[in-house]
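First chain A sits with chain B, and in the next complex the same chain sits with chain C.
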Partner chain A sequence: MVESKHQWKAWLYLAPAIILLLVFTVWPIINTVAMAFQNGYNALAAKRGASFDIGIQNFIDVLGYGSFLKNLLNTMLLCVATVPLSTMLALLIAVALNSIKPMQKFLQTIFFLPYVTNSIAIGMVFAAMFNIIGLRGGGSMADTWGIVNNFLMLLGFEPINWINQGSDYWANIVVMVVYIVWNALPFKILILLGGLQSINKQYYDAARVDGTARRRVLTRITVPLLSPMLAYVIITGFIGGFKEYSSIVGIFGETMGPPAAAGRLNTMVGFIYDSLATSSQGKASAAALILFGIILVVTMINLQVSKKRVHY
Partner chain B sequence: MDKKNMKTMTAKDLQHVSAGARIMGILVKIVTYAFLITMALVVLFPFYWMIISSLKSEVEYRATIPTFWPQQFIWGNYGQAFKDGNLLQLFKNTAYVGIVSTFLSLVITVLSAFAFARLEFKGKDALFAALLATMMIPGELFTITNYITVNRLGWLNSFEALIIPFLVSVFYIYLLKQNFMQIPNELYLAAKVDGTSDIKYLWKVMIPLALPTLISITILKMMGAWNSYIWPKLVANREDMWLVTNGLRNAFTTAEGQANYPVQMAAVAIVSAPLFMVFLFLRKYIMAGVSRSGIKG
Partner chain C sequence: MKVVLQNLTKIFPSRDKKAGGEVVAVNDFTFEIPDGKLIGLLGPSGCGKSTTLYMISGLQKPTSGKIFFGEDDVTTLATESRGIGLVFQNYALYPHMTVKQNILFPLENLKGKDKLTKTEMQERALEVAKLVQIDELMDRKPSELSGGQQQRVAIARALVKMPRVLLLDEPLSNLDARLRLQTREEIRRIQKETGITTIFVTHDQEEAMSISDMIVVMKLGVLQQIGKPQDVYDDPVNLFVAKFLGTPPINVLEGRIANGKICVGDAAIGEAAGVEDQDIYIGIRPEGFELDANGALECKLSNVEVMGRDVSIVSTHEASLNPVIRSIIDADNKIDLSAETVRFNIKPHKLFVFNKETEKRIYW
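Let's turn to the complex of A and B:
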C-alpha cells in the first residue's frame, strides 16, 4: 500500500478526532470511575483542593436511596412493558406491510413518520390528548376530558384521570407506555421490514407447495429467518429503554410526574442528572456505572438467549 | 379404484382447495389492509390533533364536546407562539449549532475515515478497535465529566459547550470507512502516480462516491441538534443560549396548568415543521442512515 514514511500523514488526519476523543470520551471514562470510588466526591470541593477517601461509599449511598430504587423500578417497568409490546406490534406491521403491494411504500412512509419528531414536542401533544381541563366536583365534572377520554366515553367507559393532579401511578405508566411504544415503532418496523425483504422467496414457495398454514409459515419460516433482526431490535430496545428520560419530560415536564407527585416517574438517567444538579458528582458517577452495569448484564443475557434462538 | 379415476379425483380436489384458498386469500388481504390502515391512523392521529388544536380558539379547545375541525381558523396562534416562545431566537441558536457542528463533524469524520480506509500506519487495527469499543458505553457516563470539563474551560453558556464535545462520532467514522473501503484502491494508487494530493483525491473521488453516506450523516447530525435536550439544559441555562427543545418545554409550562393550549400546540407544530420538511424530501437518506445506525441523532 502506501509508503510507511508517510505514516505521519495518517496521524495528522486522525489528530482532530483523537484529541477530541481523548478529552471528551476517554478522559470521562477514567474520571467517572475515579469519581465513583472517592467517597462523597464533589467537583467544587475538589477544585478547592479537598481530597476524598477511596471507597465504595457512593455506591452504598446510591443503592440505599429510596428514590434510586424507585427510579430503577420505574425504568425496569417501562422497559419490560414497552420492549415486548413494541417489538410484537412492529413485527405484525412489518409482516403485514411485506405481504401487500399497492400502498406499501405509502404506508411504510407513514409508519416511519414518528421517527423524525422531537420527542419532547410530540410528548407535549400526547400530554394534551390525555389532559383534562377544568376538573371539578371531586373529579366528576370537567370542561374538557381530553380526546382520549372522549373516545373512551364514546365506547361507554368512565373517563380516567391520566396525568392530572391526583392521577393514579398506573394511569401515568399507561400513558408513558403508549407514548414510548408509539415512538419506538418506526425504527423497529424499518429494521424488521428490511429483514423480511431480504428473506429468500423460495422458502415461501416451498411452503405454498406443501400447503403450509399461514400461521405455521409465520412461526416456522418468517420468525426464525428474521431472528437476527429481532434480536437486534430487542437488544437496542432494552438499551434505549434503560436510558429513558426525555419522553417523560415531554409528557410530564421537568417535574417528572403529575402536579403534587413530582419525581414519581423519574428514571435512572433522571437520577444521574439530579445528582449532578446537587453537585454530588461522586454519586452521579456511581449511578452511571450502575446503569452501565445493568445495561451490560441485560445485553449479555439477551445475547445468550439469542445464541440459542437466533438462526444465522 | 383404477388409477385413472384416482387421478381425476385429485385434480378436482385441488381445484376445490384452490377456490377456497382464493376466498381465504382475499379475506386475509382485507384483514391485512384493515389492520395496517387502523395502525396508520393511530400513528397519524397525534399529528392531526396537533394541527387542528393549533388552529382552534381557546374557547373551542376547552369545549366539552371536541370538534374535529376548527370552527374558525385562528392563524394568530402561530404568531403568538413565535412571540411567546421566543422561537426566532431559539431557531437561530439551533441553526447555528446545527450547521457549525455538522460541518466540523463532517470534516473530522472524512479525514479519519480516509486515514483508516486508505493509509497504512502502525497500530491502525488496535486504534480502530479501541474506537469501536467506546461505542458500547452509554453517553450518560461521559456527561458528568464533560460537564466538569466544560465548566473548567469556562464554556458554560457558550456555543463551544454546545458544539465541541460531540463533534466526533465513532459510528459515523465507522460508517464512512466502510463506504470508502468499497472504492477500489487502484484508483488511489493511480492518483498517487499522477501526483494528485490526498486532499484533492478525497475531494474529487472519495467524497462524490460516498455522497449518500455523507448526506445521511448530515441529516442525522442536524436532527440531533434540533432534538437535543439534556446536554443543552445542563450547560446553557441562560435563556439567550437555549436551543429549540429547551425553549419549547420551558416557555409553555406553567405550574398551575393554565397554559394557552392552542398556542402551545402551534409552537409544537412550528418546531416539528422543519423535521417534516427534511423527511419529505430526504426520506431515502434518513431511512438508509437509520437502518444502519439504530441511533436517534
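Let's turn to the complex of A and C:
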C-alpha cells in the first residue's frame, strides 16, 4: 500500500509539532492530574524526596477555602455579565459595519485595533480613565480625575470612586465589565463580520420582496443564518471568561483589587497562580482541574443549547 | 395586471474603474405585457433579461424610463409595495425555516389592514401549498427537498401574498432535464389557475417557446422582437432571432439576390421579386427542405439520422455558415444513402433573407 509505505514520512513531518505538544501540553496535563491527587503535594518537598498520599485532600482543601468560592463567584459574575453583552454589541456593530459602504475597511481596522494591543497596556489606560486622584469632592486635585468622572460631572452627575481606595465592589465590577467587553469586541466582530459576508445576499433580496421589517430581518434571517458563528463566539467567550485574569491585573495590578481590598476581584486563574506562588502545586492543580470541569460543563450546556438553535 | 415598460434603461458603471466607461445592460425598452399572460424574457447571457426582471421587481432601480403596473406608475415604488412575487434562480429559501415557515414568512410581514389572523395565514399557506402540490412536505427543511420541490416551495412563497405580478428568474435552470419538462408544465398550469401575469427569464428558447403566451427576445440589452412564440419563430425580424429560436437551429447560407432571385452560388433557390440585388444571408429552417431529384440546392450528403417519425439529413454546402446543413424531412421519403449528393427544393415560407450588413430581414 502506498499509504503505509510513506507513513514514516508523515510522522517525520508531524514530529516537530507532536514533540512540542507532548512536552509542553500533554505532559503538563498528565502531571497536573498526578499532582492534584497527591494530598498536599509540594514541588520543593517532592524534590527533597518527600512522598505524598494519594487522595482527594487537595480538592477538599480548595473547595473549603472561602477565597476559592469568592474567586469562583467573581469569575462567573464576569462571565455572565460580559459574554452576552459583548456578543450582542459585536453583533450590532458587525451588522452596522456590514451595511455601510464608505470607509468600511478603515472602520474595520479601527474596530480590530484593540485585538492587537497589549491587554495590560489597555488596562492601564482604562485605569487612568476611571481613576480618581485625591479625595472625593475636594481639593485642587479634583481636576486630575479620570475622563469618565470628568464626563459624568459635565453631565451634572456626582463623580464615582470607580477603582481607588474605598471604592465599592460593584463599581469595580462595572469597570471590569466595560473593560472586558471592550477588549472582547474585536475578535467577535471579526468572526461575525466574516459570517455576515458569507450569507447569500439573495436571502435579503427575498426578504425585501416579502416586505420584511428591518428588525425582523435581523432576528428572523440574519441571526439564524449567523448562528454557527454566534455559537462559536459565545462558547469561546465563556472559555475566555473563565480564564479571566490579566484584565484584572491590567486595571488593579497584582493586588487584584483596590488598595485595602486586595484580592477582592481575584479570579479562578488568579487563585491558581496564588497557589503556585505559595508552592502549593497540589492545590493549584486541583483548582485547575475544577476549572477545567466547570468549563467542560458550561461548554457542553452551550453545545446542547446551540443544537436546538444553530441551524444546519 | 398588465405591465408596461416605457423607455426602460439600466446603465451599470464599468467594474474596472480605471478603464471607465459603462455597461448598458438594458437599452431603451418599451413594451407592454398584457394582463394574465405568461411571458418569457429570452436571450443569451448578458442580454439584460434578468436586469429587466429585477427592475420590474424593484430590487434594481432603472437609470431612466418608467414601469407601470396597470395604470399605476411603480417606477419609484419600493419592492415590497409593488405587490410582486419573485422566485429567485437558486430559490433563496430560508434554510433555517421549514417549508411552512418559509411560506408563512411573507404573510407574517403584512401590516395594518392587510394583517391576517393566524388561522387565515394557515389557510392561505395550505391553499397555496396544495396549488403547487407540496402540502405533504410542510414540515421539512429546504435541505431535505429535491430541486424540483424547492422550486415549488419558492413559487408557493411568491404566490402566497397573492401578488399582482409573478416574476421568475431562470426558474428551470437548476433542474435536471426530466424535471425541467415537468416543472415547466407545472408553471404553465399554476399560471393558468391563478391567472396572475407572470414574467420569467430564460436563456433556453425551447423552454420559452413551449409555455409562453408571448416571448420577448433580447440581445446585448436591446429588444429584438416580441410576439407569440410561433409568430416569432415563423417570422423573425433579424438573423439573431432566427438563429436563436428553433432546435435544431436554422441553417444559414451566404448568398445574394440577383434579378429578383435568391441565389446560393449559381443555384436560384427562391424568388424575391422586386428586391434590389445585394449580398445576403439566407436562413432555412430544418423543416423547410423538400427532397427533389431536380431540386435547386445541391448539397454533399454526409449522414442520415433516423428519428422514427422524421429523418434528419446531414449534408454540407460550401456557402453554409454552420458546419453542416441539417434538414428534417418525413420518414416516408426514400433516401439513397450511397449517393454523393442530395438535392432539395426550399419551402418559401421557411426561407428568410437577411441583409448581409445589417442582418435585418428583407421582406418583399
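The rule is simple: the second predicted complex is superposed on the first by the 285 of 312 C-alpha atoms of A that agree within 3 Å, B and C clash if a C-alpha of one lies under 4 Å from a C-alpha of the other, contacts with A are read in each partner's own complex, and residues count from 1 in each chain.
Please note the rule applied: a residue touches a chain if its C-beta (ideal position, glycine included) is under 8 Å from a C-beta of that chain, and two chains touch if they have at least 3 such contacts.
For clarity, every value in this text was computed on a predicted model and none was experimentally measured.
Student: A:216 in the overlay: touching chain B, chain C, both, or neither? Say first, second, both or neither.
Tutor: Once the two structures are laid over each other on A, A:216 reaches chain C alone.
Student: If you count the residues of chain A that each partner touches, which comes out higher, chain B or chain C?
Tutor: B
Student: After the superposition on A, what does A:202 contact: first (chain B), second (chain C), both or neither?
Tutor: The answer is second: A:202 touches chain C but not chain B.
Student: For A:224, is the partner it touches chain B (first), chain C (second), both, or none of the two (neither)?
Tutor: In the superposition, A:224 touches chain C alone.
Student: Which holds for A:158: it touches chain B only (first), chain C only (second), both, or neither?
Tutor: Neither: A:158 stays clear of chain B and chain C.
Student: Which partner does A:273 contact after superposing on A: first (chain B), second (chain C), both, neither?
Tutor: The answer is first: A:273 touches chain B but not chain C.
Student: Does chain B (first) or chain C (second) touch A:23, or do both, or does neither?
Tutor: The first partner, chain B, only.
Student: Based on the A-chain superposition described above, do chain B and chain C contact any of the same residues on chain A, and if so which?
Tutor: 211
Student: Name, in rising order, each residue of chain A that touches chain C in their complex.
Tutor: 200, 202-203, 205-206, 208-213, 216, 220-221, 224-225, 227, 311-312
Student: Mind listing the chain B positions that touch chain A in their complex?
Tutor: So the residues of chain B touching chain A come out as 17, 28-29, 32-33, 35-37, 39-40, 42-44, 46-47, 49-50, 53, 61-66, 107-109, 111-112, 114-116, 118-122, 124, 127, 131, 134, 137-138, 140-149, 151-152, 164-168, 170, 173, 185, 192, 198, 223, 226-227, 229-230, 234, 244-245, 248-249, 252-253, 255, 257, 261, 264-265, 268, 271-272, 275-276, 278-279, 283, 286-287, 290-291, 294, 296.
Student: Under the definition above, what is the set of chain C residues touching chain A in their complex?
Tutor: 57, 59, 79-81, 84-86, 88, 90, 92, 94-96, 105-106, 109-110, 143, 157-158, 161
Student: Would you tell me which residues of chain A are touching chain B in their complex?
Tutor: Residues of chain A touching chain B: 1-2, 4, 6-7, 9-11, 13-14, 16-17, 20-21, 23-29, 31-32, 35, 43, 47, 89, 92-93, 96-97, 99-100, 103, 107, 109-122, 124-126, 128-129, 131, 133-134, 142-145, 147, 150, 164, 182, 185, 187, 190-191, 194, 211, 214, 232, 236, 239, 243, 245-246, 249-250, 253-254, 259, 269, 272-273, 276, 281, 284-285, 288-289, 291-292, 295.
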